[in-house]
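When the chains are written out, they are named A, B, C, D, E, F, G and H in that same order, and each has its own residue count from 1.
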Amino acid sequence: MNKNNICETLRAFRDGYISMDEAVDRLKNLPYEDLDFAKIDHHRMMRQGFPEVVFCQGKTIDQVVAIMERLVKYNHNILATRATPEMYKAVAAVIPDARFHEQARLIVVERQPVVADPDRIIVVMTAGTSDIPVAEEAAITAEVMGNKVRRVYDVGVAGIHRLLAQRQMLEEANVLIVVAGMEGALASVVGGMVAKPVIAVPTSVGYGANFGGLAALLAMLNSCAAGVAVVNIDNGFGAGRLASIINHMR
Amino acid sequence: MNKNNICETLRAFRDGYISMDEAVDRLKNLPYEDLDFAKIDHHRMMRQGFPEVVFCQGKTIDQVVAIMERLVKYNHNILATRATPEMYKAVAAVIPDARFHEQARLIVVERQPVVADPDRIIVVMTAGTSDIPVAEEAAITAEVMGNKVRRVYDVGVAGIHRLLAQRQMLEEANVLIVVAGMEGALASVVGGMVAKPVIAVPTSVGYGANFGGLAALLAMLNSCAAGVAVVNIDNGFGAGRLASIINHMR
Amino acid sequence: MNKNNICETLRAFRDGYISMDEAVDRLKNLPYEDLDFAKIDHHRMMRQGFPEVVFCQGKTIDQVVAIMERLVKYNHNILATRATPEMYKAVAAVIPDARFHEQARLIVVERQPVVADPDRIIVVMTAGTSDIPVAEEAAITAEVMGNKVRRVYDVGVAGIHRLLAQRQMLEEANVLIVVAGMEGALASVVGGMVAKPVIAVPTSVGYGANFGGLAALLAMLNSCAAGVAVVNIDNGFGAGRLASIINHMR
Amino acid sequence: MNKNNICETLRAFRDGYISMDEAVDRLKNLPYEDLDFAKIDHHRMMRQGFPEVVFCQGKTIDQVVAIMERLVKYNHNILATRATPEMYKAVAAVIPDARFHEQARLIVVERQPVVADPDRIIVVMTAGTSDIPVAEEAAITAEVMGNKVRRVYDVGVAGIHRLLAQRQMLEEANVLIVVAGMEGALASVVGGMVAKPVIAVPTSVGYGANFGGLAALLAMLNSCAAGVAVVNIDNGFGAGRLASIINHMR
Amino acid sequence: MNKNNICETLRAFRDGYISMDEAVDRLKNLPYEDLDFAKIDHHRMMRQGFPEVVFCQGKTIDQVVAIMERLVKYNHNILATRATPEMYKAVAAVIPDARFHEQARLIVVERQPVVADPDRIIVVMTAGTSDIPVAEEAAITAEVMGNKVRRVYDVGVAGIHRLLAQRQMLEEANVLIVVAGMEGALASVVGGMVAKPVIAVPTSVGYGANFGGLAALLAMLNSCAAGVAVVNIDNGFGAGRLASIINHMR
Amino acid sequence: MNKNNICETLRAFRDGYISMDEAVDRLKNLPYEDLDFAKIDHHRMMRQGFPEVVFCQGKTIDQVVAIMERLVKYNHNILATRATPEMYKAVAAVIPDARFHEQARLIVVERQPVVADPDRIIVVMTAGTSDIPVAEEAAITAEVMGNKVRRVYDVGVAGIHRLLAQRQMLEEANVLIVVAGMEGALASVVGGMVAKPVIAVPTSVGYGANFGGLAALLAMLNSCAAGVAVVNIDNGFGAGRLASIINHMR
Amino acid sequence: MNKNNICETLRAFRDGYISMDEAVDRLKNLPYEDLDFAKIDHHRMMRQGFPEVVFCQGKTIDQVVAIMERLVKYNHNILATRATPEMYKAVAAVIPDARFHEQARLIVVERQPVVADPDRIIVVMTAGTSDIPVAEEAAITAEVMGNKVRRVYDVGVAGIHRLLAQRQMLEEANVLIVVAGMEGALASVVGGMVAKPVIAVPTSVGYGANFGGLAALLAMLNSCAAGVAVVNIDNGFGAGRLASIINHMR
Amino acid sequence: MNKNNICETLRAFRDGYISMDEAVDRLKNLPYEDLDFAKIDHHRMMRQGFPEVVFCQGKTIDQVVAIMERLVKYNHNILATRATPEMYKAVAAVIPDARFHEQARLIVVERQPVVADPDRIIVVMTAGTSDIPVAEEAAITAEVMGNKVRRVYDVGVAGIHRLLAQRQMLEEANVLIVVAGMEGALASVVGGMVAKPVIAVPTSVGYGANFGGLAALLAMLNSCAAGVAVVNIDNGFGAGRLASIINHMR
């Protein structure tokens, strides 16, 4: 709640337009909408530059539909993550222009696409082909939030020449997202090649002592290259969102 | 086995009403009923104020039905947790007034509802919509045990104003149950806002380095706010039971 | 910041006693004192019924002294946890009536002892003698905060008759704190004997697969007895604080 | 290969009944039968008093059938653990007198039942009803190997009187197997009540911070009662086998 | 509290020798002595065949001395584990005939040595020389409790012939204690060679991915040989105690 | 990119056959083929002596088919690991001479079988029958890469004589692969019997405190026998590949 | 090695200024200096905008001195992390203008301070006073690399008003570093209040189930607020370096 | 025990040179020397090509001296690992030509240096300077066992050009040992560059979520490059020993 809101409320009260009770209420509450099972944060657009994103996992289909119906009323563009095809089908019945990215498990409504600066590129890299679904979650998230994205997939360190061949693209990038499972070494190598922010996304790709992505996660946290920060295992959305915030800094 | 029971038995023996063998038996055993696969603790109502609660997970349907049939003979109100719809169906065939809360996975028989003190409110909060099933297990458990419950769902700390808007309700609460997955931060923030007992329930909501609720569990155990205690991951029942015990203290 | 504070500020502003800027400031800030390295929360007494407690671990001696000097200005009773003898010596030089409980590692200033209700007893139990330091942290915390405490030490379940002999005391308790290392089984047995809130404190007492208290922690979280909640390993203070909150409920 | 075997072979060689090559072979090999995918240890009956037990998990149905067909040729009684109903069906087709204990997942062939000493009783206890399948694996294993077994189920520590009521049976036991999930506290309490060997079997019964039986496992390993030893999570067979070995000692 | 005690008390009460209050008291309490910081379980000798053993770790020197002084009053032989040289020095000042086994960290008072059956041998084995301190804790514990012990040290599986050379001794053993760090494989090999109870003691000997004994612990729990049970890491005492119980069975 | 390639490019540029741009490109890129979702490393045959191996897990069927179609164009022999029957079916439709090893989950195309040296034998051993699928992955990988392989299955240490009977074969081996689940002790025993490289493969065979192969993994890493190195849990391919590299050394 | 370097080398070779051997060498090697025990990466200034930073932990004092002596020859400003006072003393003997920040364990040489943009502020926050050493490592790193830094210490969520009072400062920040131990909740709350990049640094401050910072680490990775990325536990340097990279983006 | 030994013994017995008892003894025992606290495996030189290596950790100084005195009697070259300076001092008093490598913690006696093949090079690489002690343990072990070793230190992946500059040396290597802490990525990059056996040694260098080397260990086990096998954390000796075995293969 910024200063202006407080000032307005104070003036309205002093000048008698609102009662003390009303003033107290306004001063204690920021705008959100209460659906009982969810408090929709309509204020987030203002506060964070993009509307609240719906995390579908663990919600019922009815809950997802109800939340998206409310969000779409007040926002041009909305995003839902970890959605199932069944959820999409139900959403599309009430929001026909919603699109579904199955591999990335994203539902997107994009009525006023955010214009992207073509000179500020987010590069999304994967170590292997199996990491692509997480990378797509990151890439599409960044695109929906108004960024130009380049995908460089399957450049894991076991064939380091494939990565070295991308050196120019790395240098043109403004922000890099590195998605890797197994031992997650790609983040360290990339982090040492550039002086750009590197957002590392460990994936659960692998088996055995990978322990569901733990190996890649620990490797990335212990990266010997400075300039690398890490998000949760398989959290493509978080990486895309953070990359977008950094990419929009002026 | 309290002192009165011992005194009674002693008197009966001294006065010749019961033999020494019988006295020994009584003194060595508290009342329970043996179904071979289960020892039903009919004494618990007396000892703990509520009959034994059936933990259905890992039991066969036949075992659940048999246990509930026995319990319902000696008690007005009974509760079974972690029940499946199939279990409920089988129970309802023999106890027609049993009700099922599917989301909370509870079977409830309530023939003499316990009267709740309207001034002593248990507030059950969740960080997100996906935490609601666990919260409902806590809330319904508390209600069945005779408490007034208020639900405040989806007030996670990423939109702190949604929580701050509940400040008055927090102050009116007698006991608080905070249900949260992911990083479980809600417990710490709530714990710092009130001087009420806060029972924190970590949930397995989340993914990746959440490790099935471990992240929220550790966060809650390490809460920088005093006055917070923690129950097992997804243990809504335990939280509701403890909140009820505290709420009935005089 | 409660409603009364807001009302007062609003009235002062309407009536011209304070400027809009000052009103904005007051409305945005609750009282705390800034020492640069620490923000002392003088508001906590009002909000939580006891002044901010100093967690000494990781702080320099100078920082501890500075914080306690400020706290003692505005409060009658103060408490510092995880203090070393060196810290106490430095504190005693400026606050001569500070006392030190070495085993419990607590520094206590108690100028207006809080009166305890003699009928509401907190029972602090330990499984073994080695758990006593943590138990003392809990017991003294509760006493300083105005509670009558009874200590029952070394009643671990390997000699169950020692525990059973305490049955009457358990029944007279209002709240129970169970402190246990190794396998932490005491909490479950006690939890099954009474219908009182049981706060379980796992300790790091043990060795090998105890893993620094992990064994007792997991055991207590998985307690088959309802009514048990758990605080962090070795967190005697947290248990004492929570027990005090519950014990003061009316 | 014991001394007698070596002596016999040496004599046979000295006296010219066998060639040096044959002697070498005998001295280097103990009897087993090679099925390529399995080396059946026919020597085990002699070495360990019971034929090799088939661990079915991870084997194909064909492999289980082939191994059991060979074993049944040379032994009166055989046992297969972790068997599925499908495996049993296939085994029964070739060994019609094989029986299946579904809950315990055991296939048993018992042509010359081992006579049990009625005065040496193995008591198998569970903390809850959900632990019964593991307990049955232990109990039936012990019975097949020639032991008298008494089952005492659902005597978890949350209702300690149910356990205390069994005191006499505990005292009559020769060996005790304690099967418990959740916090596994039963092993400690029983271990403190008797001076008999207690074999503790943690089960994966529970949820959340139980972590698949880890909580009970750690608790049992850290038991404050001496005289308790632990086998793998859900390893009813191992407990039954060890109890039988101890019970047959003279 | 056995049946006889109850009978005696009942008779004394019926015949008027004791009041009802006294009867109640006796019936509720088994004998122990309360030192405030410790409840000495004098009943254990009767219940478990050996007096309470003092676990010194985490106790102050004064506490150890006080407990041992009381124990020595009522018992001929006493044992204290995990003792430091300082503790021993203080104990020896008041109990001059106390002896100290430094490597095993045991204080022993042995005024009426328990006679051992020379035909029932407990064999204590170690995989390496570094495991000897834990093995000595087991061996001396067993000796003090009246067992004949043979030590076979440094027979780890990397030189399997050293173990095979002990085959005869293994066959003469009644109970085996296998002490091993690193990968703990010795327990499995020994368990497969004999049909005797094998008590496996993982040690914290090793480094790196040994994780303080976790590697050996898990290996022993997962032993492919039946008849192996496991005690806590470095728990020589527990193994010796259990071996003694088994070895005294008739 | 070796020196010769650089020299050639430099000469071509100096002599005007290629432009500077082309020279730069060549110098910055090693040969690989870009399918967007995969960068096929055609250079690997030259660099590592065998074409890139397809890790099928996490790839779509279409991706597997597309990659194999490209690989088969430039290579005689190709290998795909962790393939499903569905993947094989789709591959076989376009590469009819592809073969499937279902148990080992391998797709193999072998148009110019690599000739194996019959005197250099890789021995693949398993502790149990359930470990065979992983062993087959190792064995077939080694065979496809031109090695003679001998399989010795089900020689776990619980029947040590079965292993000792293989001593001669162990001595004839050039490299050994030891595949074992549960406690993984076989690697240590074998490692102590020979002075050959031992590649240990922990498997996820087992249950309970096996934790998906963790027990065997830790045991193998902590092997008391030198000369043992470990690959990932269930990683038969990696073991076969490394054994082949060692076996081809001259 | 960027395109320009390659072009220059190519031209020099074509025009006969350098031999083919020399050209090959240049093309294969980027500049670094070999001290045997260290390869000093003099190229890093060019590649990443700041010279190589010395990680002192695990190095001998002589190694640290030797590396810093070489670095200072070619660079104006140098930084060494995790330094001990002894290391500093030895460095100061040869680089007299080196300064030591003891709390942050940093050695700094700053001969041409990098000019900071006063409008681009990095805010470094801590949850508690005990987190300050890590925060100082971050803050000083950022300052040395040419950033304006504001410190906001001790604003943990247990007194949320202390944080809310900083709202304006948060809004003025360009990048935020949030340093927190215990449950690490501050990162989530801050992440929800602003649309700026938040770099979360878990610290090892805490005890018990904190497990050396694991609790805060997991909490931060699972943050329900988007826009948060995490570095290693106690890695103040990494956070400061990444914040600086982001803050210098244009 | 090979066939010849058995034959000899058999002949000696047949021909009456030895008694049956003696024959049995010989057939049951391979040569080792029993010091009570250690069984010295004099047979190992014959079986494994190098005498038993003394693992000093956990042994007393007296034990180390006694074992080395016996070993030096029968062997030209001996090696002791994880030795302290105190151990060396005591050993040097009785074996004056023993040398100590302090950084590598090795005691070496080398009376008949094994001749190394100059064309078969073992390359030992480290990611950082802090990994050198472990690398030296590997390098000296390999040298003592008769190998030519080249050291390439501080070529971690954060400055990939330092590694690429070593490409020729990598190609000349016969076996590679890669020693790395932190995220351990060096093993994967090297493994992808060569078709040589790569032995990866994770080190405990690092902090925070490194968890004592766990991060590097998991990364190396999950390496996306085939041909990499892993030894225990900080196990330089094991890597050197295995590399030597491989390097001596013909």
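Quick note on the criterion: a residue touches a chain if its C-beta (ideal position, glycine included) is under 8 Å from a C-beta of that chain, and two chains touch if they have at least 3 such contacts.
None of the values given here were measured: they were computed from a predicted structure.
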{"item": "Selected pair, out of B-D, A-F or E-F, that shares over half of its residue contact pairs with C-D", "value": "E-F"}
{"item": "Pair exhibiting more inter-chain C-beta contacts, F-H or C-E", "value": "F-H"}
{"item": "Cα-centroid distance, chain B relative to chain E, in whole angstrom", "value": "40"}
{"item": "Whole-Å separation of chain centres (CA-atom averages), chain B against chain G", "value": "49"}
{"item": "Inter-chain centre distance, chain B versus chain H - centres from mean C-alpha coordinates, in Å", "value": "58"}
{"item": "Touching two or more other chains - residues of chain B", "value": "3, 28, 128, 159, 164, 167-168, 193, 208-211, 214, 217, 221-223, 226, 232-233"}
{"item": "Each pair of chains that touches, named by its two labels", "value": "A-B, A-C, A-F, A-G, A-H, B-C, B-D, B-E, B-G, C-D, C-E, C-G, D-E, D-F, D-H, E-F, E-H, F-G, F-H, G-H"}
{"item": "Residue ranges of chain B in contact with chain C within the complex", "value": "2-3, 47-50, 53, 167-168, 171, 174, 193-197, 199, 217, 221-223, 226-233, 237-239, 241-242, 245-246, 249-250"}
{"item": "Of chain D, residues touching chain F in the complex", "value": "1, 28-30, 32, 36-39, 41, 43-44, 52, 55, 57-59, 63, 67, 82, 202, 204, 212-214, 217, 232-235"}
{"item": "Complex contacts: residues of chain H adjacent to chain A", "value": "127-128, 156-160, 164, 182-185, 188-189, 191-193, 206, 208-211, 214-216, 218-226"}
{"item": "Residues of chain H defined as touching chain D within the complex", "value": "3, 6-7, 10, 13-14, 20, 23-24, 27-28"}
{"item": "Residues of chain A defined as touching chain F within the complex", "value": "128-132, 151, 153-155, 159, 161-162, 164-165, 167-168, 181, 205, 207-211"}
